[in-house]
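The following blocks contain the structures, represented as C-alpha cells.
Each of the two complexes below includes subunit A, the first together with subunit B, the second together with subunit C.
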Partner chain A sequence: MAVSHCLSRAATAFTAVLLFSFGSVAASHIEDQAEQFFRSGHTNNWAVLVCTSRFWFNYRHVANTLSVYRSVKRLGIPDSHIVLMLADDMACNPRNPKPATVFSHKNMELNVYGDDVEVDYRSYEVTVENFLRVLTGRIPPSTPRSKRLLSDDRSNILIYMTGHGGNGFLKFQDSEEITNIELADAFEQMWQKRRYNELLFIIDTCQGASMYERFYSPNIMALASSQVGEDSLSHQPDPAIGVHLMDRYTFYVLEFLEEINPASQTNMNDLFQVCPKSLCVSTPGHRTDLFQRDPKNVLITDFFGSVRKVEITTETINLQQDSEIMESSYKEDQMGEELMEPLKYAEQLPVAQIIHQKPKLKDWHPPGGFILGLWALIIMVFFKTYGIKHMKFIF
Partner chain B sequence: MAAATPLALFVLLLLGPGGWCLADPQRDSLREELVITPLPSGDVAATFQFRTRWDSELQREGVSHYRLFPKALGQLISKYSLRELHLSFTQGFWRTRYWGPPFLQAPSGAELWVWFQDTVTDVDKSWKELSNVLSGIFCASLNFIDSTNTVTPTASFKPLGLANDTDHYFLRYAVLPREVVCTENLTPWKKLLPCSSKAGLSVLLKADRLFHTSYHSQAVHIRPVCRNARCTSISWELRQTLSVVFDAFITGQGKKDWSLFRMFSRTLTEPCPLASESRVYVDITNYNQDNETLEVNPPPTTTYQDVILGTRKTYAIYDLLDTAIINNSRNLNIQLKWKRPPENGYIHYQPAQDRLQPHLLEMLIQLPANSVTKVSIQFERALLKWTEYTPDPNHGFYISPSVLSALVPSMVAAKPVDWEESPLFSSLFPVSDGSNYFVRLYTEPLLVNLPTPDFSMPYNVICLTCTVVAVCYGSFYNLLTRTFHIEEPRTGGLAKRLANLIRRIRGVPPL
Partner chain C sequence: MGLLSDPVRRRALARLVLRLNAPLCVLSYLAGLAWFLALAFPPLTQRTYMSENAMGSTMVEEQFAGGDRARAFARDFAAQRRKSGALPVAWLERTMRSVGLEVYAQRFSRRLPFPDETHERYMVSGTNVYGILRAPRAASTESLVLTVPCGSDSTNSQAVGLLLALAAHFRGQIYWAKDIIFLVTEHDLLGTEAWLEAYHDVNVTGMQSSPLQGRAGAIQAAVALELSSDMVTSLDVAVEGLNGQLPNLDLLNLFQTFCQKGGLLCTLQGKLQPQDWTSLDGPLQGLQMLLLMVLRQASGRPHGSHGLFLRYRVEALTLRGINSFRQYKYDLVAVGKALEGMFRKLNHLLERLHQSFFFYLLPALSRFVSIGLYMPAAGFLLLVLGLKALELWMQLHEAGVGLEEPGGSPGPSVPLPPAQGVGLASLVAPLLISQAMGLALYVLPVLGQHVAAQHFPVAEAEAVVLTLLAIYAAGLALPHNTHRVVSTQAPDRGWMALKLVALIYLALQLGCITLTNFSLGFLLAATMVPAAALAKPHGSRTLYAALLVLTSPAATLLGSLFLWRELQEAPLSLAEGWQLFLAALAQGVLEHHTYGALLFPLLSLGLYPCWLLFWNVLFWK
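And now, the complex of A and B:
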C-alpha cells in the first residue's frame, strides 16, 4: 500500500510537470506564449451568491440562490472560490416536509441543495456590513479563508443577489437595506483596489434595474429581472411543500444554464434573451455600457464556469529529487518523545477537590475616572460653599 | 525567467516526499464502528464513531506529513496549543424518558469547549481566533462566540484526556442554542474522515436520511490519550461521533422492524481500506431471553456481552473486515424483525359522533409481573351551543368512569363448589377455573371544566345599548321635533305679583 501511494504521488508530480513546464525551459517562443497567457483576459473565477430573505415563505429566494450555486459548481468553480450567503435555513427548517432538500421544480424533480453544499455565511451573518466587507476585502484578520473573497486583478467575479427590493434598495433580512449608491461605491472600491478584472452582476428582485443604475466603475455588466416600476414574479407553487419554489427569471436562467457545459461557446447575448416578457411577465433589463468587450464575444463560461487556460507541451524537464528534507524531521519526532513518569487521566467528578477549592479573588482595580471625578466634584462643591476653614474639622 | 524559478521550486517540493515514502511505519490508525440500538419506544438509535489515533508529538511546529489525521485539525492543535477540543452540533433533544440513557448527549445547537495548554499566555484571544477558524471549517456561525456567551466552569468539564494538573483558567466553554445543523455542517465533517463517504461505514451517511430524524447530533472530540499500557508517551485521538434516532413511524410504518436499507437507503459494501477495525454492533439484549421475540438477519457469528450504562447488554457483532460477511452477498443489509407473541392484544375503538354517540375504547392487555402499567387517553374539549349548557355550567361536566375487568391469579387455588349451596357473596361472578378470580373495578369520574360563556352578557348589552340610545337619540329627537317659543319676561312690582298670585289661585287669567 505504501508503494502504490508512492507511485501515485510520483505520477501526479509528473503530470504537474507536464502542465506547468513552459516557464522553466529557455526556448523563446514558449516565453512569449507565457507572456500572452498572463496578459489576456482572466485567470480565475469567483462567485458571490447572496440570498437576503428570511422566513419560510421566502423559500423561493433560497432556491434561486442555490440553483445558481449548483450551476456554477457544475461548470467548474470550486467551493473555495464561491462565497455563498443564505439568510435563512430552508432545508432543515421544521416546516420542510422533506428535510435536507430544497427543490426548484415542482413534484420534487430537482434538489438544488444536494449533498455537497458549503454555506459560508448563514442566518444572522448575512448583513449589509458583512456583504460589503466581503466585496471590498476589509475583513477582520481572524476571518477564515472560506469567508473571504480573495480575488485579484485577473479575476472574473459573478455576483448574484436575490430577495425583496424596491426602487433603489434591496432588503436584507427584513431589518436593513442596501442602496444602489452603496453598491456602486463598493464596486468602485473593488476597482480601485484592483479586485476584479470583469464583473457580472445579476439581480432578481422587484424593480431590480434600479440597483444597477448608479454603477460607474469600468468592466461591469449587469442584468436584472425587472425594470423600475415592475414586480418580479414567482414561478410555481408546490402543493406538497406549500410555498412557491422559484422566481420566474431565475427559473428560466437555470433552464438556460442546464444546457451549458464547460466547453460551450454560448455568449452573453443569449443570456440577455433568456426570459422574454411573455414568460416572465416583467421585462428583464441589462446594462453593458461600462463593459469594454462586446457582449457577443463574452462566453457564458467566462463568468459562470472556471475554464482554465492550459498550455500543453511535449518538452521534458530534468528535476533533482531532494529526499533529505522529510527524513530529518521524522527522526527528530522519534527521539524526543519518551517522558519520565507515567501520565494519568483526570478524574471527572472529584467531589472532595471541588468542595475545598477556594474561589479566585478578583483583582482589585483602583476606582476609575468617573468615580474619582464625581467625588472630586462633590468635595469641591462642599468646600466652596462652606469655606476652607471646615477642613480642619475633618482632617 | 523570474516566473520560471518559483515554478521549478514548486515542482521540486512535489517530488520530494515521493522519494521518501519507502520507509513509512504506520503511525496512525483508524477504527470505525456503528452501534444500532432498538429503543424501548420502538424507535431505532444509530451511533457512528470514527476514531483516528496518531502517535505523534504535535506540539512542536514542523509536522507537515499528515496521513489519516486531517491536516485542518492537526494544524489547529499546534497553532493554538490545544490540549482538548470538543465541538458538537445537535438538532433535537434526547428523550431519556422514552429512549433510555444516551451514550453521549449534546445540547441543542452548537457546543464548543476547549482546554488550552499551560503555555498559552492570552487564552481569550486564542479562544476567539479558534472559534473563527472553526466556523470556517464547519460552515457554522461559531464566530458569534464571544465574551457574552463564554464561561469558564470551575468544577465540571474536567479534561477527558490525559491531564496532570487541571487549572480551570485554561478551559473555555460556549453554547450557541440557535445554531442550525444541516447538510452544510455534515459535508465538511464527512470530509475529515479518511475514507470520506466512499467506503466503509461512512457510505451510510446520506444527508436526506440523516436529517429526517428525531435527533441528530454530530461531534468532533480531540484529546491526548495513552499510547501504551505504561502510559509514558501520548498519542492524539480524534473521535468523530454521529448519533441519530429514527422515528418508528417513518422507517417501519409503526412496526418495530428495521433494516439498514430502510433507515439509510444504502447498504454496506466494503470496509474502509484504511481502517484497522470496522464493525457493526447490534443490541440484541432481548434475543436470548425468549427465542420467539426477535430475529436478526444475517445471523451474527459472534456476540459481545458487557455492562453498559449500568445494565448488562448483549451485542451482535458484524465485522466488515471479516471476508465471510461481505462475500456472501455483495452488500450487507442487516435486518431485524420482531416476531409477534402468539397471543395478540385486542383493541376496539369506536369514535364519538357529536350529539349522537360517545367514545368507546376497549383493550385487552396482559400485564407483566412486578411492573406498573399506565393507560392514558388524551382528549380535546369542544364548544357547546349556548342552549346545551346546564343552568350551573361553572360546576363542570362529568366524564364517566372507566371500567377494569380483570382475572387475577389466586394465591390459593379454589375448589369449584355447588352454586346453590355456597353463600351469596362468593357466587356473584361465575368462575370455571379455580386458579384465578374475577373482579371488576371502576375509576373515579372525571370532572372537566369547560370554558363557560358569560350568560349575563346579553342583559348587560341590552341595558347599555338602550341607555346610549336613549341619551343620544332621545336628545337628538327632542331637538328635531320640539318647537320652542320665547317667553316674555314679566314686568311689575311686588303688588302686581301678589295680585297675580291671588288671581291664579282663583283661576282667573293674570294681569
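And now, the complex of A and C:
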C-alpha cells in the first residue's frame, strides 16, 4: 500500500512535471512571439523618394523613383506618409509617344505612373535646399502637409535617391549638387531632433557608395548601386520610346520587391544579395555598422511597408522579463529626457581635436623650377647690367 | 651690354640667322607639306563618336512604310511638272494640305548680274512651297527642316515624293517636340537662299522675295535630299558649305549611325569607305578623300542646299541618292527609314548641336581630323614667310648699319638709315597700284560686260570671263610702267623693303583665311609661299618669273581643277580643262553676287595685289 501510494505520488509528480514543462514550453512560445512582436521599435513608416535629374534622356531616373514609389505604396505606406520628389515630368513630355505613362519594362509591360501618383515636389521645386528642409523639418509654416516629413522618434524612414552622381556628390537638376557631408549632417540633425527611429538609405547613381561613406549617426543602414570608381549602368532601352527605361540596380530591386507582400518575412540580407555583379556590372555595396540590429532580423517590410502589428493571443504574457528591449529603451528615453545629451554609439565628430588643434607640419618641398629659374634670371640680369665685379662685394 | 643692344653681338646674331635661314625655311615648308600628307594616317585621325548626350545611344525602331505612296506622289509630281514646265505650285499646296500640313508659298525673283551658262538662266523668278507640321504638345519654339531643291535640270521628283510620304507618316505621330518644315524650293539654291533670307528676315544677296506668312521657330537642323531615281545603290553625303563652313560633326555622326543601323551603303565624296586601316591601303584611300574634301572646301561653293543653311548657324547636310551599277539596291522605304530615324533623334535635342567639332577634315565617314591636329601644317607654311621677313629685316638693318660705319659720321646716330626713308615713299606707289589693279579686277568685269559685248562678238558671260583674264594678264605688264611713277632715286635695296611689306601682307592674309577656311589657306600657302620667298631681282629672272606665274592664284585654280578631276578618276584633257576653268571663273563671280561667296573678292582684292607686289619685286630695276 505504501508502494502504490508512492507510485501514485510519483505519477502525479511526473504528470505535474510534464504539465509544467508543457506549460513552460507554451509560455516560452508565447514569449518568443512577444519577443518577435517587439523586434523592431518603430510604430510608423515614412518614405522620401527623390529623383534629381531632368531632361528626356534621364527618363530612367523618373522610372526608378516611380517603381520604388509603387512598391512602397503597394506594401501599405499611404500617400500622406510618402514625400515624392520628381525633377521632371516624363509622362507629359512632348517626346513621350505614350503620354501619361512611364514604363519600367520594355514592350510597355509595366506602367509605373499609374492612375494615382501623388507627386509632392515637382519640377523646379526639387532642389537641395528643399530636400534638406524636408529631412530636417525646417520648413516655412505655409508649407502644405503633403510636403512635410512629419516623422517622430518611432518612425522608420526609407530614403531613396537616384540621378547622376559622382565621388562624394549627387547632382540636382543639372545646376547644383549635394555632397555626402551635407547629407550626413542632415541625418545627424534628424537624429538629434528625434526624427527617426531607423533609417534605410538607398542610392542608385554612379559611384553611389561614396554618398554613405560619411554617415555618423546611429541606426542608419545604407545601400548603393555601385562602388566608388564604378558607373551604374542602365538596363534596357525601349525601341518604341527611344530611351533607357530603368537602371539595372533598381530594376532588380523592383523585381525583388514584387515578390514581397505585407506578410513576408524576408529580411535585409536578401536585399543585400539583389543584383550581383554578374547582373548589375557594377558592385552594389551596403553599410550596416551604424545599425544596431542585425540585418538578418530586419524585415523588408520594416522599411518598405507599413505593417500594423496585431497579434491576438489567448494567453497572458508577462512582459517583465521578455521585454528587456522595450524597458531599456524606456529607461534610455527617461535618461535622455533628464540629461538631454546625445547618445553615443558611433563615432561623433572629434570636436576636441578640431578646437584644440595643433597646426599640422606640412612637408617642406624645395622651391619649384619656375621660382628657381626666375631668381636665376633676375640675378643674371643684375650682374650683367652692373658687371661681374660687383659679385665680390656680395660674397 | 645686352644681347640685342650690343652692335657686335647683334651682328653676330644677324649673321647666324641669315646663315640658318634658308635651310630652316626649306625644312619648315617640307614639314608643313609632310604634316598635311600625314593627316590621313592613324595617330592624326581619330574615330568619330557621338558627343551629344541627348542624342544618346538608344536606337528607335523606325516604322516608315510609305514606299508605294512615295512613288505615287513622285509620279504625279513629275507629270504635273512636265505639264506646267515649272514647279506645280497649286498641286503641291493641295497635296501638302491633304497630308495635314500648314501650307504656305513664297515668291521670289532675281536678276543675275550676267546670264548663267551652266543653268541657262538670267532673270530668275519662282515660287517656294513649304508645309509646317506643328508639334502636337510643344510650343513652336524650335524646328527642323527637310528640304528638296528642284531645279530645271534636276527635277528631283522622287525626293519630292519621299518628302510627301514622310510628311504623311510624321503627321500621324505624337512624339514631335519641334515643328518640322517640309520645304520644296524652285531653282535649286536660289530658291533656298530666298527662303532662308525671308525666314531670318535679312537681305544679304539682293534677292527680292515676298515675306513669309508662316514661321516655325529657330531652326535646329536641316537635311536636304536629292534623289535621282526610286532605287538607290548608295547615299552620298555632302558636308562642305558656303565659304568652306562645315556643319557640326555630330550631324554627320548621326547620319553614319543610321547608315550602319539600316545597312545602307554610304559614301563620302562619291567614294566607298576604306575598310582596312591597319595596313597602308586604308590611309592612302583616306588621303585621297581628304584631298577631295580640301579642294571642295577651298572652292567655297555651297555643294548643295545645306551650304546655304550653314550661314545662319543651322547644321545641315545634303544626302544624294546615287543609282549606279551595283546589284544590291535600296528602295525609298530604306531611305525613308533612315530619315525618320535621324529626325526622331534630332527631336530629342534640347539645345543646338554644339558638343562636337565645327572645324574638321574627313578622311573617311567614320574618321576625322580635328582642328588642333591639322592647324600645324598651315602654321609651318606661314612660318616660312615669317622667317623670310625676319631675314629681310635683318638685312635691311645690317645694310643701314653697314652704311654708317664706313661713313664714320660722328654725328648723332640716325635711327633709320636715309636709304630707308626714301624706300618708304617708294613703297607706297607699288602698293597703291597693285591694290588698284585688284579693285579693277573685282569691279570691271561685271560692270563692263555690256561694253565688252558691244565691241566684241561674245556673249555677256564670256565677256565677263575674258575681261577678268585680260585684266589679270595686264597686271603682268605693270612693273615696266610703275617705274615711270616711282622716283629714280630708288636705291638697290628698295626691293627688300617692298618684299618685306609684301611678305607680311601675304602672311596676314593667309593667316586670316586659314583660320576660317583651312583648306583655302593651306592650298594658297602651299603654292604661293615658295614663289614669294624666292622672288628677288637678282639671279635667273626667267626661272623665278615662271615659278611666280605658275603659282599665281589663277594658275592655282587651274591646277586644282585638274587635281580634283584626277582624284575623282575622271581626268581632263587640256582643252576640257581650259573650258572648265573658264566656267569655274564665271561661276565664281556669279556665286559671289548671288550667294555672297567670298572666293572671288578674296582672290581679286586680297591675293592678286599681293602677288603683283612680288611680281614687282621680281622685276625691280
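In the analysis below, the second predicted complex is superposed on the first by the 270 of 395 C-alpha atoms of A that agree within 3 Å, B and C clash if a C-alpha of one lies under 4 Å from a C-alpha of the other, contacts with A are read in each partner's own complex, and residues count from 1 in each chain.
One rule holds for everything that comes next: a contact is a pair of C-beta atoms (placed from the backbone, for glycine too) under 8 Å apart; a residue touches a chain by one contact, two chains touch by 3 or more.
Owing to the predicted nature of the structure, the values given are computational and were not obtained by experimental measurement.
Within the superposed three-chain model, A:E109 lies out of touch with both subunit B and subunit C [touch as defined at top]. In the superposition on chain A, contact of A:P99 is made with both subunit B and subunit C.
In the overlay built on the shared chain, the residue A:V243 is in contact with subunit C alone; subunit B does not reach it.
Once the two complexes are laid over each other on the shared chain, residue contacts for A:D289 go to neither subunit B nor subunit C. After superposition on the shared chain, subunit A has more residues touched by B, the comparison being subunit B against subunit C.
Within subunit A, the residues touched by subunit B in the first complex and by subunit C in the second are 92, 99. Residues of subunit C touching subunit A in their complex: 2, 53-54, 56-61, 135-138, 173-177, 344, 347-348, 350. In the complex of the two chains, the subunit B residues touching subunit A come out as 3-4, 7-8, 10-12, 14-24, 56-57, 60, 62-65, 91, 128-129, 132-133, 135-137, 139-141, 143-144, 154-156, 158-164, 166, 178, 180-184, 187-188, 206-208, 210-212, 226, 230-234, 273.
Subunit A contributes residues 55-57, 92-97, 99, 237-244, 384 to its touches with subunit C in the complex.
The touching residues of subunit A, counted against subunit B in their complex, run 1-2, 5-6, 9-10, 12-13, 16-17, 20-21, 23-24, 34, 89, 91-92, 98-101, 111, 113-120, 122-125, 142-147, 317, 319-323, 325-327, 329-330, 332-333, 336-350, 354, 357, 359.
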